[in-house]
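You will see chain A twice below: alongside chain B first, and alongside chain C after that.
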Partner chain A sequence: MATLIALSVLAIITMLIGAWHKYKWIVPVLVTGMAVALALNINDWNTYRHYYNEMMFVDNYAVAFNTILIVMAMLVVLIAGHYFRNVVKPLDDVYILMIFSLIGGTLMTSFSNLSMLFIGIETLSISMYVLAGSKKFDNLAKEASMKYFLMGSFASGFLLFGIALLYGSAGSFNLEAIGLYATSHANDLPKMFYAGMLLTLIGLVFKVAAVPFHFWVPDVYQGAPTVITSFMATVVKVAGVAAIFRLFNHSFMAIQPFWSTTVVILSAATIILANVTALYQRTFKRLLAYSGIAHTGYLLMALVASNATSMGAVLLYLAAYSLSTYAAFVVLMLVKDFIYDDKMEHYQGLARRNPLIAITLAISMLSLTGIPPLAGFMGKFALFSSTLESGHLYLVIIAILGSAISLAFYLKPVISMFFKEGGQIVIGLNPWLKVFLVLLCLAQFALGLIPGMITQLL
Partner chain B sequence: MSPITITDYLIFCTLLFVIGVVGVLVKRNALAIFMSVELMLNSINLLLAAFSIYMNDPAGQVFVFFIMVVAAAEVAIGLAILVMVYRYTHSVDIHLLNRLKW
Partner chain C sequence: MILIVILIVTFLGAVLSLVSPQPGRAKWIALATSILSFLLSVFIAATPSLYNSGFKYILLGEMGITFSFGLDGISLLLLLLTTFLSPLIVLSAFRKTYRRPHVFYALILLMELALLGVFTARDGLMFYISWELALIPIYFICGLWGSTDKIKITFKFFVYTLLGSLFMLVALIMLYLATPAPHSFSFDALYAVSMSNEMQTWVFAAFFLAFAIKIPVFPFHTWQPDTYDIAPYQGSMLLAGIMLKMGIYGILRLLIPLCPDALAEWGWLAILLSVTGIVYASIIAIKQDNLKKMVAYASIAHVGLITAGVLTLNIQGLQGGTLQMISHGINVVGLFAMIEMLHVRLKSKNISDMGGIATKAPIMAAFFMIIILGTVALPLTNGFVGEFLLLLGLFEYKAWVAVIAGLTIIFTAIYLLWMNQRVMFGKPGDNLAEFKDLSTREILILSPLVIMIFWIGIYPSTFLHIAEPALLQLIGR
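Let's turn to the complex of A and B:
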């Protein structure tokens, strides 16, 4: 709760800095403010308190996912300072919208009332619609922003209709009350309740992009400015997944046999289709978009498993996924700065002149594939073994096949960097960036070495 | 003439919602799509208000206010994005937005 207040105050302070034209202060103030919010957030560990008439419930689940959200947002803000270094016009509004989006994300991890879920999703999304189109002279960004807006508001409609039907049958917006209703009426639940649950699932799955509802993702990721795309792929994805798991764990566990099959199909279809489609991508940004969709598929497996170990596995998986995806986006930003294009051909022979960049990309790609001892492997291992414990062997086999396919497209840019003859470009890095890239690489190893510490948190 | 029951409200609101969904899916004009989304949201508002009265619980009506506020914010953002796109394509036809492809 203190986290939410700290972040809101931070957003207002940033607006004031913008009003006073002290643009150089924005990034340092934001990073300090987010560090404060992070400390306040960790301070809430093990408190388990309800706020505002049970609108929000800050439990360890909320604290753990908020930590990932704030750390990732901090990293994005840090690299945004580098990304926008040559932009003359003031950019305070971009940073403010990122903070508002983060506020929406923290609401989505700690809601205990469906109205807070709705407000959280909308705060997050409305800021993202604007951010996607924040590069006003870029026609692709305009198109991406329009598509994101149309799809996002369409999805909110489904989510809301589902919420209305749940309210109509359970008589409350409170998660625990809905859960109690579902448990006590397990045998004579009205059809309206099932319909409401499915519509809510559709609305949320739209936001995290699982397969039948993923078509907007590659377009939006490609068109939006790269730093905003990295925000979408990390913060928005983590918040969406956290919201799905929170809603289902608290409200719909009583009717798991009903939705289990649906989620299995969603998950399997997402894994197969996203991994296969990613093989045909020619631009690196679209490849990362399909990679993000595929990882949503793996994460949905944990929803099917829903046992004692699955939440810890999801936490580790999301931490590993967002760190590796972020590292890949940092490399993409650095390369794109020099070539103004994200086609895969431009990565040929990059390793000879820019070893650090090439190594960072290689490590993050291997981590996303799930090669030991990197973070991504530990995440996948925890997730797959938790799914196996619940007896979903076929789903694990599909997921392993998917990972095998993913090796082909993740290694494509790496191979062309290291083993092909190509361009002579040298990407200049200042010392800070070099240290930053080395730290990103080390963090991916470190997360792979201490997986137990994270999985045991939840 | 039988009194209007909660089922009638449910059927009516579902129909309105489906009209909105179909509108979003078939229309090419971005403004018409915005209007269809508004129709979806308003059918939900009506349904929530009907449930709220039926169950004698004010929470549903409060939720309607939340939806109205968010819908207003969404339209403000949506129209701004539409103006930005219009300056680029000189049209509100969303099928002209097809440059992002693999």
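Let's turn to the complex of A and C:
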């Protein structure tokens, strides 16, 4: 709760800084403010308190996912300072929208009422619609923003309709009440309830981009400014996944046999389609977009599993995924700074001229593939064991095939950088960036070797 | 505890060579650390009280994952093989002018570390992690310093072997989940799992796929000849000399103790595939002009015999397989080292470009002959003891299998001796004008190998005794 207040105050302060034209203060103030919010968030650990007439429930689940959200947002703001360093016009609005979006994200991890879920999603999404188009003289950005907005509002419609149907049958917006209703009427649930659940599911998987609700992702990721894309791929994804699991864990466990098949199909289709499509991408940004979709597929496996270990697995997986994806986006930003284009050819021979950048990208690609001892491996390992524990061997086999395919496209930039000659760009790095990249590499090893530091948050 | 010292020494060696201020110094760091690891492992081997030593450090208590490494006879032999070959592999690269040598030597040491991890892990997850970790350095060694078409070939190699390992991961997780409630990955806990017949079959299939791709067994071998061919010689030595032993070691360490029933039911298929591979690869080897590819196919044939012998599950087959792993490692590294020496001198690795070398370089011809005779399995050389035991084991299993597998000796003699004749004898070509005999460094590389060829050939008990208790325990199960 204190987290939410701190972040809201931070947003207002940032607006005031913008009003006073002290633009240089924005990034330091934001990072400090988010660090405070993070501390307050950790402080809520093991407290379990309801707020606002049970609108929100801050439990360890919320604390754990908020931690990832805030850390990722902090990282994005840090790199945004570098990304925007040559931009003359004031950018306070961009930063403020990011904070608002983050606020929406924290609501999505801690809601205990469907209306709060909707508010969280809209707060997050509307900020993102604007941010996607924040490069306003770029046609691709405009297209991205428009597409995102249209598709997003469509999904919101589904979600709202679903919520209405759920309310109609259960008579409450409260998650626990809905869960109780589903348990006590397990045999005579009205069709409306099932329909409502499915519509809610559709609305939510749209946000995390599961096949077949993924069509917006590649275009939006490509059109949006890269720093915003990295925000979408990490913060938005984490918040969306957290919301799905929170809703299903609290409300729909009684009818798991009903939705289980649906989620299995979503998950399998996402893994297969996204990994195969990613093979054919020529630009790095679209490759990362499909990689993001594929990882949604793996994460949905945990929803199918839904046992004692699956939340820990999801948390670990999301942390690993966000960290590695973020590292990849940082490299993309650095390269794009020089070449204004993200075709894979531009990475040729980068290892010789900028070994640090090449190694960072290679580590994050291998981590996303799930090669030990990197973070991604531990995430995949936890996820696979959790899914196997529930006896879904066939789904794990699909995931394995997907992982083997994914190696093929994750290796593309690595091969370009290390094994091919050519290209001219030499990227100048200031010492801070060098330290930052080294830390990113080390963090991916650390998370793989000591995964307990994340899973113990739950 | 000495074991962890070896691992740490190797790791530090890799880090030091990577950051060494002068790239030229990296090779000395690599040589020194690999020799140090070898001396330490000889010390372990010479001190019987250390045989079953190990160490354990709880990594993730609640998930039952422990950082645990240890030794028994089989591990010890492979530890010796790895640490024995690594300095020679490093030394064989000394004269080469690689780009970024410090990275090259660091990757070799990293590879050694991962291999040592595989051979000494006492925890399923540590085994898997080391297994996968071994892929990364060799991928970069082949990709960065390989020859033509390396991108496609290394790519195939990486994806192919990763797919196999992922199946192994699933099997390991299934076993892990079958252990009693706070689950554990330690080998002892995994061995204690009792599986239903159906599950055992699946676990067997998954493990066999992973190991068969790594070894490689007949229909899964397609990545191997090309990869050996394009890899720099040190990469080929690592791949053929040590890395493919990972697969056979996996069979000994996991497949045999974990899936006895499935092995009884499906073992014939695995043996059949291995034996098919022997004949198939031998015939292809005869036709090769490219020496590296010839050795690659010969390697498929020889490890096919090892795999078949080990899977018979009798003590002769197991003893022979374990010993032959060592012998094959020594012989194949010797062959690749000699091919590299020829390649450097003649700028070609094709038999058709060679001939009459014996007249110009008698010492080289002598070493070449000895290593080839070891591979051909002449009595008193290392190949003989191992292959004899393997064939004995196969004969006890089914006589006709032994007959087919025995063809390998004839085939090996055909292609290797014929090759020797074409390369070393015959009319000297024009390209031999500047041909020099072996240098001191090259003799230093080959002598230890030749000593081992005779040692194992004349007095194999030294090595047979190390592995025997562990192997007896393996069948005793």
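In this text, the second predicted complex is superposed on the first by the 454 of 458 C-alpha atoms of A that agree within 3 Å, B and C clash if a C-alpha of one lies under 4 Å from a C-alpha of the other, contacts with A are read in each partner's own complex, and residues count from 1 in each chain.
By our rule, a contact is a pair of C-beta atoms (placed from the backbone, for glycine too) under 8 Å apart; a residue touches a chain by one contact, two chains touch by 3 or more.
Treat the numbers as computed from the prediction; the structure is a model and nothing was measured.
Asker: Just checking: does A:Pro373 make contact with chain B only, chain C only, both, or neither of them? Give me first, second, both or neither.
Answerer: Touch partner of A:Pro373: chain C, not chain B.
Asker: Going by the contact rule set out at the top, does A:Thr262 touch chain B (first), chain C (second), both, or neither?
Answerer: neither
Asker: Once chain A of both complexes is superposed, is A:Ser134 in touch with chain B (first), chain C (second), both, or neither?
Answerer: neither
Asker: Scan A:Gly452 for contacts with chain B and chain C and give back first, second, both or neither.
Answerer: The answer is second: A:Gly452 touches chain C but not chain B.
Asker: Among the partners chain B and chain C, which is in contact with a greater number of residues of chain A?
Answerer: The partner with more contacted residues on chain A is B.
Asker: Is A:Glu389 contacted by the first partner chain B, the second partner chain C, both or neither?
Answerer: Only chain C is touched by A:Glu389; chain B is not.
Asker: Would you check which partner chain A:Pro218 touches, where first means chain B only, second means chain C only, and both and neither mean what they say?
Answerer: It touches chain B, and chain C stays clear.
Asker: What is the contact status of A:Ser153 with respect to chain B (first) and chain C (second): first, second, both, or neither?
Answerer: A:Ser153 contacts chain B only, not chain C.
Asker: Considering each complex separately, which residues of chain A are in contact with chain B in the first and with chain C in the second?
Answerer: none
Asker: Can you list the chain A residues touching chain B in their complex?
Answerer: My answer: residues 115, 118-119, 122, 126, 129-130, 133, 136, 139-140, 142-147, 149-150, 153-154, 156-157, 160-161, 163-165, 167-168, 171-173, 192, 218-219, 222-223, 280-283, 286.
Asker: Of all residues in chain B, which touch chain A in the complex?
Answerer: It is residues 6, 10, 13, 17, 20-21, 24, 30, 33, 37, 40-41, 43-44, 47-48, 51, 55, 57, 59-60, 62-63, 66-67, 70, 73-74, 77-78, 80-82, 84-85, 88, 94, 97, 99-102 of chain B that touch chain A.
Asker: For chain C, which residues count as touching chain A in their complex?
Answerer: Touching chain A from chain C are residues 59-60, 62-63, 125, 128-129, 132-133, 135-136, 140, 143-144, 150-151, 154-155, 158-159, 162-163, 166-167, 169-170, 173-174, 176-177, 202.
Asker: Which of the residues in chain A come into contact with chain C in the complex?
Answerer: So the residues of chain A in touch with chain C come to 366, 369, 371-373, 377, 381-382, 384-385, 388-389, 393, 396-397, 400-401, 403-404, 407-408, 411, 415, 418-420, 449, 451-452.
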